[in-house]
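Think of it as A, B, C and D in the order they're written, each chain with its own count starting at 1.
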């Protein structure tokens, strides 16, 4: 269980109230990360050194439009502005670079960390020391090219504290889902962590035994591969609130 | 490229027209597979030997209801009837057990192999030798308890042949997505295969270069973890047709 | 436990008495397999298409000498002639290609499957159906270039049967070590299988409890990475007989 | 390339001259780490809570003897005293806990980091800031029970500096081998790093092209699994000096 230095046990609750881009442009990478494609694909790929992934953003219409290239004369994608990084200070005396992630959050790069999402953090130090950034106007799963549509945003949020309870690691909640982040050194371990953390959470809150939680997850569990390219991998396990609503 | 024994090059196209359960019950497992949770979770779990995952199915209402247990007195989930297995005969002289999967399809356990989905198979032998089964009334991602809601169904489908072109491995298409199955011995390799196969497919069909396909996937690619528990793993990479529609 | 079709329970014991190359040449690959090096290495590598890995063998002196190349004018390595493949027929109705491996043995590519080594196989079918081949005059760990020094040999061996006991999977014994092969779809799983199988074996033979076997392995266990390039991976766990000698 | 803060480029060379235990006892764990055995093994294991892994050390005879347990009345193993941890300060502003490891060394837990071994470190900060500890009187591969025979030692060593050249990451040399440490978040990535780093090293020193280095490694490369249980994994790739001696 997380204890801050002064012994208090608490969970920091952050709700992203508003997240709106404040620039008209974004930049994006255009090479696959090694973890996203086979080695054979990487060896054969002929990337265009002069290719520039520049986008124009129209947050009123919710549309991003690529500066035309030969093969992509008019690509548009829906904007879904997200926070790539959000964290409290990590446990102990450790320091992390902005690209890293862990039980404290960090570079989770989850494309549903958007307006309306609530995040729960363990508190390891007095004041918790919340930080965030790395705004993407849109991003596919896995951040397969090493970036999203990198831009900046104005962020409004509320912060609350649950005293006497410390979530063991960062987790989240949207309108429809309870969400667990599995952060580990490999995707298989990220999957195992994400599922086990979510099972522990739901089992406790809904007073289920091990057979019951396994059965429920066997029906309704969803996985998302959030992050393939950073020092640690991030797999999301989530369970729909609609299914949990029938449990009580 | 796949060649049948008599040298013909072809792709088998199977559209699932109708998939409707024909039994009123289903059975489901209730222990997590070792790949779905941490070892610590598996060691600590106290499964109830007498727990029985029996469901009643109501396909008219599209609802499955669990026979009550203490912690789950009235669990209901929406039915989404799927084919766990669908395949052509594998290449060469190889034989596979029904639990296995590969470029020929097989136990893909993808919970979007449902009514309306179209599958494309390489043809390795005269007649292709299509087979299917393993009906699930519903199933979460990854088949984390080793089963879905196992039942049976009436299936209507159409079969078509594309001559002169052989898809390198099984793939699929729904109303909204182009879908690639990455079948390999580990999840990281399944991810790499799924992405690379989908990239090769879209690159060719939309005449994109390597930088362009990487950029598009960086925005809109989605992953799903279809299968964690069989002799091979199955990760789905998919791209929305809506994004591709702006390419032409 | 392995049962042959007619219900008999048995282990096939094969001792390689003599293994001597019968050709004066061998051929070898000269590109790293994707599992042996990083993607960055593979992308940067400039392999010489005209490079030819041809060796002259001198089994009397036990030396292999490379046909000179510019950078390798006089490379010689000690010969250590090994059997790349040795197997019984796999269980059930399955068929395998010669490149595959499993509980039945097969393409284990272990560079200590040499003269003097004893292998133990489960018997799945009447007659066991022993087969072998794929002679390498020498090979590094992991078969990192996809081949050893490929040649052929005369082989003398004895075959024996242990009735009433079936080894759960292929294992081996040299003058100095008890050896377990972990064959799986990824290296981490191969490691886990190899260790667990060896622990089960030694625990039973030496009447140790779980704490005792863990302690012994914590002191003296050795791993070898036998095979990185085939459809399944092969990691060897082994324990020195000298340590076990002090147990009785 | 590693640059210290003041811009100097250098490699720190540490030779372990003498490493001799200075206590008569050592303690050792006796439960398998989850990465060393299958989940099924961990679930079935019945560890003895009262089991105590206490050893008596006799450095004159080079023998460690276990305090007798029922199943292990007189276990003795040869001592091979090693340094579990040895490192310089990590790059940038990062801080690491003593259990971690990386390009800077750290908890490499390599059982050949013994008397006579020479280690090469990149210099990231003025003075390099060498540190070491975590003495094991003996340890099997992988540190499968989470410890070796933990004790303490007197250490004599020499320190030298190579100016104008910075090794990209920690590496080592014994009487017989050139040694590369692959430190990563999973064993497959550790293997790939270890091989690629060693290939880059030997290729440069012996002026080999990519085909030549691949061929040489295909014959003589050895792997060792040094560390399975820490925040990062550590696989060693090594090449015998005897083979390299024929290259010049």
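In the analysis below, a contact is a pair of C-beta atoms (placed from the backbone, for glycine too) under 8 Å apart; a residue touches a chain by one contact, two chains touch by 3 or more.
Fair warning: this is a prediction, and the values are worked out from it, not measured in the lab.
Hopping across touching chains, the smallest step count from chain A to chain D is 1.
Homomeric contact chain A/chain C: same residue numbering on both sides for over half of the interface positions.
The greatest centre-to-centre gap from chain D, using C-alpha centroids, is found for B. Remark: chain A and chain B have CA centroids separated by 25 Å (rounded to whole angstrom). If you average the CA atoms of chain B and of chain D, the two centres end up 43 Å from each other. We define each chain's centre as the mean of its Cα atoms; on that basis chain B and chain C are separated by 35 Å.
Multi-chain contact residues, meaning those touching two or more other chains, occur in chain A at positions 38-40, 186, 188-189. Arrangement of the chains shown, judged by which pairs touch: all-to-all, with no pair of chains left without contact.
For chain D in complex with chain C, the touching residues are 28-32, 35-41, 45-48, 51, 53, 64, 66, 69-72, 74-77, 138-145, 147-149, 186-189, 191-193, 195-196, 199-200, 206-212, 214-225, 228, 235, 243, 246-247.
Interface of chain D with chain B (complex): residues 34, 38-40, 42-43, 186, 188.
Only residues 92-97, 184-186, 188-189, 231-233 of chain B touch chain C when the two sit together in their complex.
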